[in-house]
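Pasting the structures here.
In the two complexes below, chain A is the common chain; its partner is chain B in one and chain C in the other.
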Partner chain A sequence: MIETQIAIIGGGPAGLQAATAAGQTGAQVLLIDNFDRLGGQLVKQTHMFFGSQQQFAGTRGIDIATKLAKQVAALENVQVMLEATALGIYEDGVLLVEQHDRVHKVKAERIIVAVGASERMLAFPNNDLPGVYGAGAAQTLMNVHGVKPGHRVLMVGAGNIGLIVSYQMLQAGVEVVGIVEAAPTIGGYLVHAAKVRRAGVPIYTSHTVKEAYGEGVVEGAIIWQLDENWSPIPGTERDVAVDVICLAVGLSPLSDLLWQAGCEMAYVPELGGSVAVRDELLRTSNPEIYVAGDVAGVEEASSAMVEGRIAGLGAALSLGLGGETAFKHLQEAREQLTALRSGPVGEKILAGLRRVEREVATDA
Partner chain B sequence: MRITEHPILQYQKGPKVSFTFDGQELEGYEGETIAAALHAAGVRILSHSHVAKRPRGFFCAIGTCSSCLMTVDGIPNVRVCVEKLRAGMRVETQKGKGVLR
Partner chain C sequence: MLKKTGIPTQADLQEVYPRPERLAQGPVAVIECFQRIPCNPCATACQRGAIQPFEDINDRPQLDVDRCNGCALCVASCPGLAIFVVDETYSEDQALIKLPYEFLPLPQEGKIVAALNRAGEKVGEGIVVRVQNPPAFDRTAVIHLAVPRELASDVRNILVEGEPHAER
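After this line comes the complex of A and B, so read on.
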């Protein structure tokens, strides 16, 4: 049995910042991640981040990961377990973690779940053919392993992820034949759209995939146009020869652990799917469990970092640690989060939050 | 399929090692995932669905989707997208659901 005060599951921007914030109060912290290095999504991002100055806007994602991991490494009271997967949280508060073919029991007074989100699938005939990849998977192949996902790619989705991953493919020497987007407008930032367009990649708005085809693996896709009611227009089919169809059609919170732990959940489309009901300090209906980052609502790295700090400080304060200083930092973090959500995208998030934020039992 | 030049990234690779895929000798780098090594060698079909036997390939890359389960050194249901390559590994297309021994 491994004993600790605060266990954090997930070492992305949210989990890293939770570990730093909680660690600075003097709490005994255990940070658990299933990958072989810390950083979560950030380790795959070669572009300069948008967001606010305080959250490293203008710095490449990979470099933000290094900075955040250094802050954690500087704290002696924070232990890190890598290549370790959290399997379940049980009634007695025991967390099971698998690492290198062994299962460890972890007993923590507080658990912060910061496991991020997973990619959504899109329904079309033959979407199970090898060669239909999630955008994140294609990124992992290229940016972590240095392997091209294919030679010619059709990207599905013109949100920020679809645009950025298309650009990353061009950087890796992969041809992107086009980006299809079902909506009539491009969802991502125009700077990213301009970059791929300048590189000669067409963006087909009001288009979707009719089907994929191929003997055993993807050899091409049929795309077609949608009318103003999002219904396909027969006769507009176009055949594109590609060996990869890359899906960037949104993310859903990885909420399995929270369901399993019995936290009260709610389905909130604005936040990407099923999320835990929680109070303003991100404490769930189980007073020992907190959430932070994309698992609490799909948003951005910048908000994930601030949420991580709030959950980390909230958890420490609930254990009587950190005192006045932690309380002051908590107030500052909450103000930053409000500022981050002041734009038009933030409005959608706030509408979602109004449906899941409520007082939860506070005395553990 | 390897990226030889990248404007931003430098890849730190382990030593080159050989392994087998269904008896065929292939090369990859120690410490990369088995799936990355297979993909780099042009292998795209990793498994088959149980009922309709449709081909399955690489998909999520983070060990959650079960699309890449293979038999490695005799052990079935290994998620090759997260399992790291070592010299001499015997990677095989899995037949059936695998048996616990």
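After this line comes the complex of A and C, so read on.
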């Protein structure tokens, strides 16, 4: 049995910041991640980040991963377990972790779940052909493993992920024939859209994939236009010859561990799916379990980092650690999060949060 | 319409484009940022206080054109690659555009490249007169491109023919 005060599952932007914030209060922290290096999705983000200086705005995601991992490494009281998968959280609060073919029991006084989100699939005929990728998977292939996913790509989805991955494909020398977006307007930041557009990539709003075709692999896609009720318009079909169809149609919180731990859950479309009901310090209905980052609601890495700090400080304070300094940092983090969400892009998140944020019994 | 195509309209541009009197005085930034998003590195990058400090992180950048000298620090620092510098006084018949560029290999100085508009269409040719890529720019190079002056408000990208990403 490994005993620790705070176990953090997931070493992405939220988990790393949770580990640093909790570690700085003096708490014994165990940070668990299933990859062979820390950073989560940051390790493949080659673009400069938005936000403000406190969230490393203007710095490339991959460099943010390095900075955050260094902060964690500087704390002797934070242990890191890599290539380790959290399997389940049981009634007695024991967390099972598999690492290198061995299962470890972890008993922590607090657990912060920061496992992120997974890519959504889109239903269309032949979506199981090789050559249909999640945009994040294609990005991992290119930016982590140095492998081009193909030669000619149709991107599905003009949210930030679809736009950014399209741009990174161009940088890798992959042709992007177009971006289709079912909604009538571009969902991602317009500066990202302008950037891929002036590189010659057309964006087809109110369009979707009718079907993919190909003998054994993707050889092309039929796209068509949608009317104002999102119904396809017959006769608008267009054939695009591509060997890759990339799906960037949204993310869903990876909520399995929370369901299994018996946390009270709610389905909130604005937050991407099923998320844990929590208080403002991200404590769930199980007072030993906190959430942070995309698993708490799909949003940006900048807000995931701040949520990580809040959960890390909140968990430490609930154990009587950190004192006034931690409380002050907690207030600062909450103000940063409010500022990040105060614009038009934060409206949806705030609407979602109103449905899951409530007073959870607290012993802090 | 920008929200449907990714291409800013004339009306969008008019709102942010410096007036002819200012353009006639020399290099100045053109900030093509049309949406309130939580982002402020341009304001913190500006050494001259020309981009006003943001009260709210979601504010759109406000440029004091009289303080701006077109240094292009903001061009390299904008995460959205949405800032350009236009110098209509560059030569008798040419304007200089400073634009952010993140494709490798970087073009050689002196090279003639295709000049692209905001839709990625070739509208003419430009000469790469300088490539700025210091460590402080963190791999967002700033290309100084000389173009015919009448294209100064249109050209926002380049295509270096023969490079892998130019195959289309």
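Annotations for the structure displayed:
Please note the rule applied: the second predicted complex is superposed on the first by the 362 of 364 C-alpha atoms of A that agree within 3 Å, B and C clash if a C-alpha of one lies under 4 Å from a C-alpha of the other, contacts with A are read in each partner's own complex, and residues count from 1 in each chain.
By definition in this document, a contact is a pair of C-beta atoms (placed from the backbone, for glycine too) under 8 Å apart; a residue touches a chain by one contact, two chains touch by 3 or more.
Remember, predicted model here, so these are calculated numbers, not experimental data.
In the superposition on chain A, A:Pro269 makes contact with neither chain B nor chain C. Of the two partner chains, neither chain B nor chain C is touched by A:Gly323. The wider contact with chain A, measured as residues touched, comes from C rather than the other of chain B and chain C. By the touch criterion stated above, A:Gly88 is placed in contact with neither chain B nor chain C. When the two complexes are overlaid on their common chain A, residue A:Arg60 makes contact with chain B and with chain C alike.
In the superposition on chain A, A:Gly173 makes contact with both chain B and chain C. Of the two partner chains, chain B is the only one that A:Val132 touches; chain C does not reach it. Contacts of A:Val217 after superposition: chain B is touched, whereas chain C is not reached. Shared contact residues on chain A (touching chain B in one structure, chain C in the other): 60, 171, 173. Remark: chain A residues 34-35, 46, 60, 62, 85, 118-119, 128-134, 136-137, 140-143, 145-150, 171-173, 216-217 touch chain B in the complex. Only residues 1-9, 11, 13, 32-33, 36, 39-40, 44-46, 49, 54-64, 81-82 of chain B touch chain A when the two sit together in their complex.
Within the complex, the chain A residues that touch chain C are 47-53, 57-60, 170-171, 173, 175, 184-186, 189-201, 203, 205, 300, 302, 339-346. Contacts from chain C toward chain A in the complex involve residues 2-8, 32-41, 44-45, 56-58, 77-82, 102-104, 116-121, 138-140, 156-157, 159, 163-165, 167-168.
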